[in-house]
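Letters are used for the chains, namely A, B, C and D, taken in the order the chains are written, and counting of residues starts over at 1 for each.
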Amino acid sequence: MRYVISLGLLLVLLWLALSGVYKPVIFFLGAGSVILVVWLSVRMDVVGVEHNPVLFSWRLAAYWLWLLGQLVKSNLHVSKLVFQIDKVRPRLLTVPVPHQAAVSKVTYGNSVTLTPGTVTLRLTRDRLEAHALDEESARDLEAGHMARKISWLERQAEGES
Amino acid sequence: MMAIFIDILSWVLLITGGAFGVIGGIGLLRFPDFYTRLHASGITDTLCAVLIVFGLMLQSGLSLLTLKMVLILLFLLFTTPTATHALARAAVLDGLEPKLADQPQASPSEEEPPSKP
Amino acid sequence: MNTVLVATTLAIFLTMALALVRALRGPTIYDRIVAVNVFGTKTVLAVALITYVTGHADLIDVALVYALINFIAIVTVLKLVKTRDLAAEGSEDPR
Amino acid sequence: MSDNGILRVVARFLIPLIMLFGLYIQFHGEYSPGGGFQAGVVFAAGWILFALIYGLDNALKVISQRAMYILAAAGVLLYAFVGLLGVAMGGRFLDFYPLLPSPHAAQQLGIITVEFGVGVTVATVVMLIYTMFARRKSEWEAVLREDSDP
């Protein structure tokens, strides 16, 4: 039930952000739309932890900023490799996934894919298989900074729920 | 003064964003196999999109348009890695072998045959 | 200021052209899908840029829709290529 | 393909947003590009994403095929009804001014209802087309089986 309410709030916010027309008629239609979508989502059984507002804490913002920094770094690295094609040394690697919640695992997998140089190939319960473009990208991932950051994010979500 | 500064910053962001897009496109052509090309598509999908969206946001200031640009950026940052991962996973399960460094490297012009009709 | 926007739009178009070349050359079906994916995300950016060039703020909705539809299209094509069956359901999440 | 944790979690997050986005396009037809047709397609796209990830059978449990047929017809009927109501009250087809005393409110009410009818019909018809396409494989296999062992 908590997730249903938080999904409703999220949808109301989305509607207000999209709409830009603040008239009673549109508010009325918006309320109807949100109720319809929440009802369908409950029927579809797609309401879940992903919509929990606790996940959207200040730590998430901090994580996005950190990820942005990583993005710039790895993008510059891969862009250099585009022009030095002979330095490309692809390899496969497997790193452990220390997180429990599905959302954290997915955040990890997607963050790995988002930073160029590494792509998540397979994500299982406790392991992540990745393809790295060269030795440096692979070492970055193996060092586990990203996994630790996400553990830090996860603790926040657990602490407040 | 401030307005000019913001304008120049936004131009720089836009131009570098476009440049990264083109670099990613070149990488898409030059990299030797499917898995390495995924990394090239990663460049165009992340930094290029982030830079261009931030550049455009600076142009419009605080308005509903900016909010929608943020939404676009969020949607892109959620969906593109998911699509890329789904592709990579599908290719792995399909048995498409990545070219690895310890194997003798074929020249980029010599392309592998399609794995499946 | 418009010049910069137009120049960036042209750079995006160039990227799209490069992606198209990759889509035509293949060689595997997955290469083609990656190229189409890049083409789609660049379309979103191109529409966003055109919004600012022309000043029609409404166009931004088109970019938003395209961002969502592009994702669904890639998932659909991938499913069709892999399972040749759009009605199938996958097994449970590996948790 | 869909036994894919990442794809599932992200899709679960996105599906409600896509459907709400479709409804936003539906009801802002007057203010920004869009209207019933585009809204119907986007709304149906949300359902199609669900069907892709969770399978067609589960998706048909959410909105049954029977409900789709009924809604598709109901949408067209709503359109025709509002159109003819204008005729009945002394205007032309799709003339909304006679409906309410204030012309602006009448116009708005008429357009919203008519567009809603279009949206419902388009959404359900797109879902139906998808359902029939997705069924083709199992139907074809059933035909082949009957042919091989009668």
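Just so we're on the same page, a contact is a pair of C-beta atoms (placed from the backbone, for glycine too) under 8 Å apart; a residue touches a chain by one contact, two chains touch by 3 or more.
Everything numeric here is computed off the predicted structure, so don't read it as measured data.
Visitor: Farthest chain from subunit D, going by the mean of C-alpha atoms per chain?
Guide: For subunit D, the chain whose C-alpha mean is farthest off is B.
Visitor: Which chain, with its centre taken as the mean C-alpha position, is closest to the global C-alpha centre?
Guide: C
Visitor: What whole-number Å value describes the gap between the mean CA coordinates of subunit A and subunit B?
Guide: 17
Visitor: On a C-alpha centroid basis, what's the spacing between subunit B and subunit D, in Å?
Guide: Spacing between the chain centres: roughly 33 Å.
Visitor: Just how far, in Å, is the C-alpha centre of subunit C from the one of subunit A?
Guide: The computed centroid separation for subunit A versus subunit C comes out at 20 Å.
Visitor: Hey, how far is the Cα centre of subunit C from the one of subunit D, in Å?
Guide: 24
Visitor: Hunt down the residues of subunit B that sit against at least two other chains at once, touch-wise.
Guide: Only 24, 26, 38, 64, 68, 71, 75, 78-80, 82, 84-86, 89-90 qualify.
Visitor: What residues in subunit D touch two or more of the other chains?
Guide: Within subunit D, the residues that touch at least two other chains are 1, 4-7, 9-11, 13-14, 17, 21, 54.
Visitor: For subunit A, write out the residues touching at least two other chains, lowest number first.
Guide: Only 14, 18, 20, 102, 105, 109-110, 120, 123 qualify.
Visitor: Please output the residues of subunit A touching subunit B within their complex, sorted ascending.
Guide: Within the complex, subunit A touches subunit B at residues 14, 17-18, 20, 68, 71-72, 75, 78-79, 81-82, 85, 88-92, 109-111, 113-123, 129, 131, 133.
Visitor: Subunit A touches which residues of subunit B in the complex?
Guide: Interface residues on subunit B, with respect to subunit A: 20, 23-24, 26-27, 30-33, 35-36, 38-40, 42-43, 46-47, 50, 64, 67-68, 71, 77-78, 80-82, 84-85, 88-89, 92, 98-102, 108.
Visitor: Which bits of subunit A are touching subunit D when the two form their complex?
Guide: Residues of subunit A touching subunit D: 7, 11, 14-15, 18-21, 25-26, 29-30, 33-34, 36-38, 40-41, 43-44, 46-48, 50-51, 102-103, 105-106, 109-110, 120, 123.
Visitor: Touching subunit D in the complex: which residues of subunit B?
Guide: Contact set of subunit B toward subunit D: 75, 78-79, 82, 85-86, 89-90.
Visitor: In the complex of these two chains, what residues of subunit C are touching subunit D?
Guide: Subunit C residues touching subunit D: 58-59, 61-62, 64-65, 68-69, 71-72, 75-76, 78-79, 82-95.
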